[in-house]
Every structure is written in structure tokens, then in C-alpha cells.
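One structure is given below, encoded as C-alpha cells.
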């Protein structure tokens, strides 16, 4: 086994002890890095400790740079990694400090490193987590067309309700323009309700009441869609055996005999 | 094929290449028109560019007018189109600018054109979208009586809770009248919570707590209704067997005989 | 048929034409009465029209009084009506104006008349509405013990989280006492979020974040409970026929033949 | 029966009359104690009645201390009780007043006694409450991995969206630091929406709109998960047949043969 293969095993695999240790250390460095960026954005902490944070950030960036280079080097098809989701996230986690020489705000982009935390699921390679994740994805994917139609309807409702509220309340009550009115409608429909803008006239309040009751009904729709998909997917999941004798399929997971003809089932 | 038939194919059908191009261009013009109206409502943009927007609006209105006339001309039964949902929406999208000579605020009604965006589903004539849309409609329709009872109950709760809050808090704490109190109750029951009005007295806050916990339970009801309808409708959807004898399709998964004519079913 | 029986038919039954007319007129009077009370609570309207409203209110109260007396007179067992839900509501709808001689605020209690609007369901004596209402009640009733446990848990969480927030934020940031803190916790857990009180310290904001994510998860529980009950109750609802030949019960509502043995089913 | 056994029966069991009386009295004392702590935190009440509350608190603390000692004494394995959930809660309910000599704020920790109210379920030893509680726990437990993945995703979304809002809005509009921005994102995603911080710039409002629509979709996921688990668990519950041969109970409704031993089932 060449050194490249050894490195590949440590960096890319989480099954071996070394690979696990590598992943855990990496996650800790990522977590520290994110916490540093967060703290550094607090004015009072910035004033006192910014210098130390700056050095720490350089150390972390160098660690990430080395890691990125190693990842590219030790894999057979570097392109596949570079343009994969994790490859792009890894690169984006390394660049901000270098870019910050030219563009100051890029510094804060370091929180994109939060995406790297998704690697945590590689360590938690427990079957049920993967199973749960897969089932979540399947349920969400199959309910996508319904959710698309739903979001599209919400957008159209927001446009029209937003315009009506703009006409009714007008700029003097905070509804300064149609885009702002649409923003308010979304804030209301989603039941967030900041209260930075709110209707003042009786007519405006009446229409707002209608929009809220509508939003109340509307919130039921995506929930209903996803619920039904989950029920569906967990129903399918329990029906994996079919009887060799009568082809009955509705068996429970732990069934040993077909409940339709009494024939012995092959338990997986 | 006469020119009317050709035109009909382009305007009303989205299957042919020309029909698709026509629909896509129309959608782009609608989108531009809506964005123009939105931007024009922003004061700073209005001051600078209103003149250009005005001309652009006239061009779009003329395009829509021509389109509307063509739609009426090239169809055999114009009345059916004119009084259809799309016919009315198309007319409402054309009129505002003409009306704005007499009524200034009608200008903003142009966002009603957002309804025309619903045509986007004609281009996305993918079966699963139509299927998903249909199933959404069926689920919502069959849960309508339950939802009606539910909304009626919410209205009565709002009336009574609103009056109680008006008596408890009174005009000096923002609950200036019973209608305003009812508006506040709806804002609270739907968990929107703007905060423009909020209870101040201990008794008022206690009652508000009760209303909120109630609202918490109440939000579960429409969601439960719609969820159950979706589960129901997707259960039905999986019943894909059709009887060879009478073509009945609504069989249960484990049916052996057609429940409509008693003919033996071929179990897959 | 005595005059009492005739009156009974008009007042208590909604099947005959006269009964329907009586109920519709009654509902209109109730609606007018509620609208009057609402408008009268608006200061500007009160100043101008209070006198007219006062006379109108007297007329309505006299109508209700006569109606109440007739209801008591024309029924065989008046006690059963007087102590029924509708009987108490009818009495409460009549009294406020008489009481207002002694107690001014009782005037607003007239909105209790909103409860009388429930009679609307008597006119809408359409089977599906009654069926839907019944199913709603059954689903809610059978999920009551689960919901009780859930509400009890929410109360305990509110107590503890409220106390912690009181200790962390303190009176200087609006959390003036433990009851107020509990009020804030309920406002937050139910995702209402008025914003009249909100955490200011970093620690308080962190704890608030935890409470909100918790509330996010918690809102799923009652919805899940009610959804599952609805699914359950609508499953049961479709299984009303059983085959005379093989006793199979899982038939669809419109099945004519048993899907298990092909035997003819007796459709109700 | 020794006095220890008698005491054990009274204190630990709720089946006998004496045990029930003991539990009810205990619950009343706990409730009084919590109400005292709550009222004492209200400034105006504190000023007037604090002295009385202080004495009452001492009496209650002494009662709890005696109860705790008795509980430890009359059980065979005291360690098992002391380190159980209730044991720790009982101890925490007793300590605050003693600690308050050294640490003033510990006084308010007395609301931890709210946890003792959980004992109420011991008195309500009605089967359906226990059944409902168990089913709640099972449904929540089995949906835990899915909910963990979900919460993890929400955390990452909050990090990234929070950082973007910090960059877009900046400290001058209330987004003073990245942690504060993350707090705002959670407030928005969970649809709480206090409104203490809210976007002001058009770009910020646009991003906020996206976050809200996202949160709208996201709220559907945990609800869907829990709903599906409840449906699942209540489906299992309806399978009430038990095999005459092997006593296996988890059969499907239409099973004809036991899936555990192949024995013929008696269909009801």
C-alpha cells in the first residue's frame, strides 16, 4: 500500500480507527473555527481579542489549505472530488482569509464552514441515521411537485394581497411600496409577524384578518403533504417480504409464516 | 387550416413548438409588467424613472389588448372564453391603464396580472404536476365541510375572546374597540403576533395565555384534516388495478374480485 | 294540532318552510345585534349614533325576550330546554340589557350572542356537515388524553423556562416577575411572539433560541396526534360493510361485490 | 407489617386510600409552594407580604425535608431512590431555601418544584392515560433519529442564513453580531417573529422573505415525522388478534394464519 493509499484511507474513510480520529479532529477544528468567527463579530470581543483571533484564523486556514491539497493529491480522480459538493465546500472554507486581502467582508463568509459539519454524519455511520436520512429525502423528493404548486400559489397570493394592502394602507402607515407590502404579506402568511409594519386602518385590519385566517388554512397544506408522504414511505418500508406460495405482500417485518396461506417465509 | 385555426393552435395550445414559444414570451411579458408595477411603487425609483415606466406600461397594455382581441376572434365560442376564469383575468390585466384616466389608484391593480402567471402550468404540462395539482384540489375539496365548521368555530371563538379582552384591557391599553379586539384575537390565535397591540394587565395576560394555548391546539385541527385527506387520497392512488370486465379502477390492493361486477381480478 | 304544537314546529324544527323562515330571520336579527354591539364600541361611531343603537338594542332585546318566553311555553318539558346549552345561551343573550341598569360593562356581554350563530348548522341540515362535525368531535375526543398529557408537559416547561428567563434577564429587561416570564414563555413556545418582551442579554437570547427550537418540535406533537386520529377515524368510516359469505370487512364504500369471494354485497 | 412497610405503602403507593390522600395533600402543598414563589416575584406583592411568604416558605421546606428523609428511610434500597429522576427532583425542591443563605437567586429555583407536579399522573392511574403517555413516548422515540437530522439541518441553515443577514444588514440595523443574527434567524425560521430585530434594507427583506418561506416548508417536516409515527403506532394498536397456539399478538387485521407459528387464526 503506497503512502497515497494510506492517506486516502485516513482522509476519506471513517471505518478505520485512524480515519475516525482524523474526522473527529477535523470536526473539532471546524467547530473552533466557526466559534472564532462568531465571537469575532461581537464588537466588545473584537476590540479586546481580535489580534489573537486573527493569528488563530491564519493557523486554521493553513491547516485547511494543507488538508485540501492532501485531499486532491491522494485521490485518483481529483476532478471528481473538486467538483463534488464537499469539494466545493472545502474550497470555500479555505479561501475567505486569502480573499480578505482584497475584500474585507469575505471574512465573515467563513461561517460557510458550517456546511463542513455535515461530515458529522460520516462518523455517525449508524444504519438507522442513514436510513432515516434517506427516508426523509425520499419523502421530500416525492412531495416536491405538490410543494412547488403550493409555493407558486403562495407567491401569487402574496403579490395580490400585497398590492391590495399597499392600496388600502398606503405609505403613511408603513406600506411604503408594493415590494414592502409583499414582504409584509409573506411575514403575515407564514405567521412570523414581526410587527415592524402592521395595518392601522379598520379596512386594512379587516383584510389582514382575512389574510391571517387564509394563512392558517394554508399552513396546513405543506404539513399535510409531507405527513402523507411520510406515512406512505413508512408503510412501504414495512412491506418488504412476499410469500413464495401465494405472493401475499402485506407481511409484518418479523413475520415467519405467511398470514394468508400459512407458508413459511424466508426472513432476510 | 384557416388562419383562425392556426392562430388558435398558437394561442390556446401549448403542445406545438409555436404554441410553446408564444406562451413563454407571454409569461416573460407578464413578469416584466409585474416587476415594472412593483418598482414603480418605490418612491425613489418613481422619482427617477416614472416616465420610462409609463411608456413601457403603455406598450405592454397595447400588447395585452391585441392578445385579448386575438383570443376572442380566433375561438369559435368567444363567450365561453370571455366568461371563463382566464378570460376575466386577461381582461382585468388589460383594463387598469385605460381606467387610470379616471381612477388613479387603478394603476396598482396591474398586479392582478400575477394571476396570469398561473398559465405557467400549461407549459409545465408534465403529468405529475397535473396529477399533483388534481390530488391537491381533491384533498382540499373533500375536506371543505370540515374546514368550514372549523373556521366557523374560530370566528365564534374570536368574537367572544375579543369581547372579553376588550372588557379586561380596555381602550387605554390599545384595545380601542371590539372590532380591534377581534383583530387582535385573530392575530393571536393564528400565532402571527404582530405585537402592535398586546395585553398589559395581569388578568389580560392570563387570558391571552389561555387563548394562545387554545390557538396552539386549534392549529392542529386543519392540519390534521388536510393530512388525513392526503393520506386518504394517496392510499386511493396506489390502487392501480382495473377490472378486465367493467374497467372499474378503485380496487383495494388485496382485492381478488372486482367489487363492481364480481369478475375475478388478476393480482399483480 | 294545537297552537302550541304549531308554534313548536315553527320554532324548534328546521324541516318545514315556516321553520326555516323563522330560523333565517332569527339568524339575521342575531347578526344585526352583534354588529350593533361591535360598532357601538368604536368611539367615533358611539359619539354620533349611540342613541339610535340604544333604541335598536331595546327592540332586539324585546324580540329575544318574546322568543325566549315562546320557546319555554310551547315545549312540553321546559326544564330540559332551559338547562340545555342553547337554553342558557338564549337566556344570556336576553339578559345583558336588563342587567346594564345595574352593571354598565354587561352591555358588551351581548357578543355572547355569537354563540347563537351556532344555530346556523340547524339550517344547513346537510348530512355531510353533520357527519363532518361528528367525525371532528370523535377525533378530538379520542385524542383528549394524549392532548391533556401534552398540555400538562407544556405547562411544566413554561414554569421552569419562565423562571430561568426571569433569573437570567431580570426586571430591568422587561421580565418583571415570574408570572410575566411564564407569559413570555407561552408567547414564545406557541410561536406567537408579540415582541412586547424579548431577551436582551446574550445568555437570555441563547436560552430563548433553545426554547424556540423546542417549541418548534413541540408544535408537531398535537398536530401529529390529531392527524393520526383523523386518519384513524376516516379509515374506520370506510369500513362499514361486511360480506355475508366470507365476513371480509375492508370494502370500499361503493363496492357491490365482495373483493375476497365475489359474493354480492348489500349496499345500504 | 413493620412501620417502615406501612410508611412505604403510604408514601410510595397510590392504590390504597391512605396513599391517595398522602399524594393529594403533597400535590396541594407543592402547588401552594409554586404559587407563593410566583407571587413573591411580583414587586408590589413582595413589598407588602414578603415576610409572610418567607415564613410560609420555611414551613413548606421543613415539610419537604421531613418527607424526603422519610422517603429515604422507609425504602429498602435508598440509593435507587436517591439517584432516580424523582429522587433528584425531590432533593432539588428541598435545597433552595437552605442554599439561599449563601446564594440569593437560588430562591427562585423553587419553581423546579413544578417537576414534582408530574406525580399527578400517579394519582390519575387510569389505564388510558398511561397508555396514551406510553404511545406518545414510543412515537417520539422512534422518530428521534429523523428529528435529530432535521434539527442538525436547521442549525446549519441558521448559521449560514444568520451570517448572510449580518453581512447584508449590518450592526446599524440591529444585526450587531453573527450570534445575534443567528438568534434572529431562529426567531424567524420558527415563525416566532418577536420583531425586536427586523430587516430594513430591500435586499435584507428579500432574503428574509426567502428564509420565511423556507421556514414555512421546514415546519412541515417535524410535524410530518411525528404524524406518521402516530399513525403507525395507532395502526399497530388496532391489531388485536392473538394466536391461540403461540399467543403472538402483532397480526394484521386480515391475517388468516399466525405469522409466527403458521397456526390458523380465528378471524373475528
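In this document, chain identifiers A, B, C and D correspond to the written order of the chains, with residue numbering beginning at 1 in each.
The working rule: a contact is a pair of C-beta atoms (placed from the backbone, for glycine too) under 8 Å apart; a residue touches a chain by one contact, two chains touch by 3 or more.
No experiment lies behind these values; they were computed from the predicted model shown.
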TODO: Please state whether A-D or A-C has more C-beta contact pairs across its interface.
DONE: A-D
- [ ] Name the chain whose C-alpha centroid is most distant from the C-alpha centroid of chain B.
- [x] D
TODO: Report, in whole Å, the distance between the mean C-alpha point of chain A and the mean C-alpha point of chain D.
DONE: 27
Open item on the list: Suppose each chain is reduced to the average of its Cα coordinates; what separation in Å results between chain A and chain C?
Closed with: 39
Open item on the list: Using the touch definition from the top, which residues of chain A touch two or more other chains?
Closed with: 179, 182, 191-195, 219, 223, 225, 227, 229, 231, 250
Open item on the list: List the residues on chain C that touch chain A in their complex, please.
Closed with: 191-195, 223, 227, 231
TODO: Note which residues of chain A are touching chain B in the complex, please.
DONE: 145-146, 148-150, 152, 155-156, 159-160, 162-163, 166-167, 171, 176-179, 182, 188, 191-195, 198, 202, 205-206, 208-209, 212-213, 215-217, 219-221, 223-225, 227-229, 231-232, 247-248, 250
Task: In the complex with chain D, residue positions of chain A that touch it - done: 34, 37-39, 41-43, 105, 108-109, 111-112, 114-115, 117-118, 120-121, 128-129, 131-133, 135-136, 139-140, 147, 151, 154, 179-180, 182-183, 186-187, 190-196, 219, 222-223, 225-227, 229-231, 233-234, 250-252, 254-265
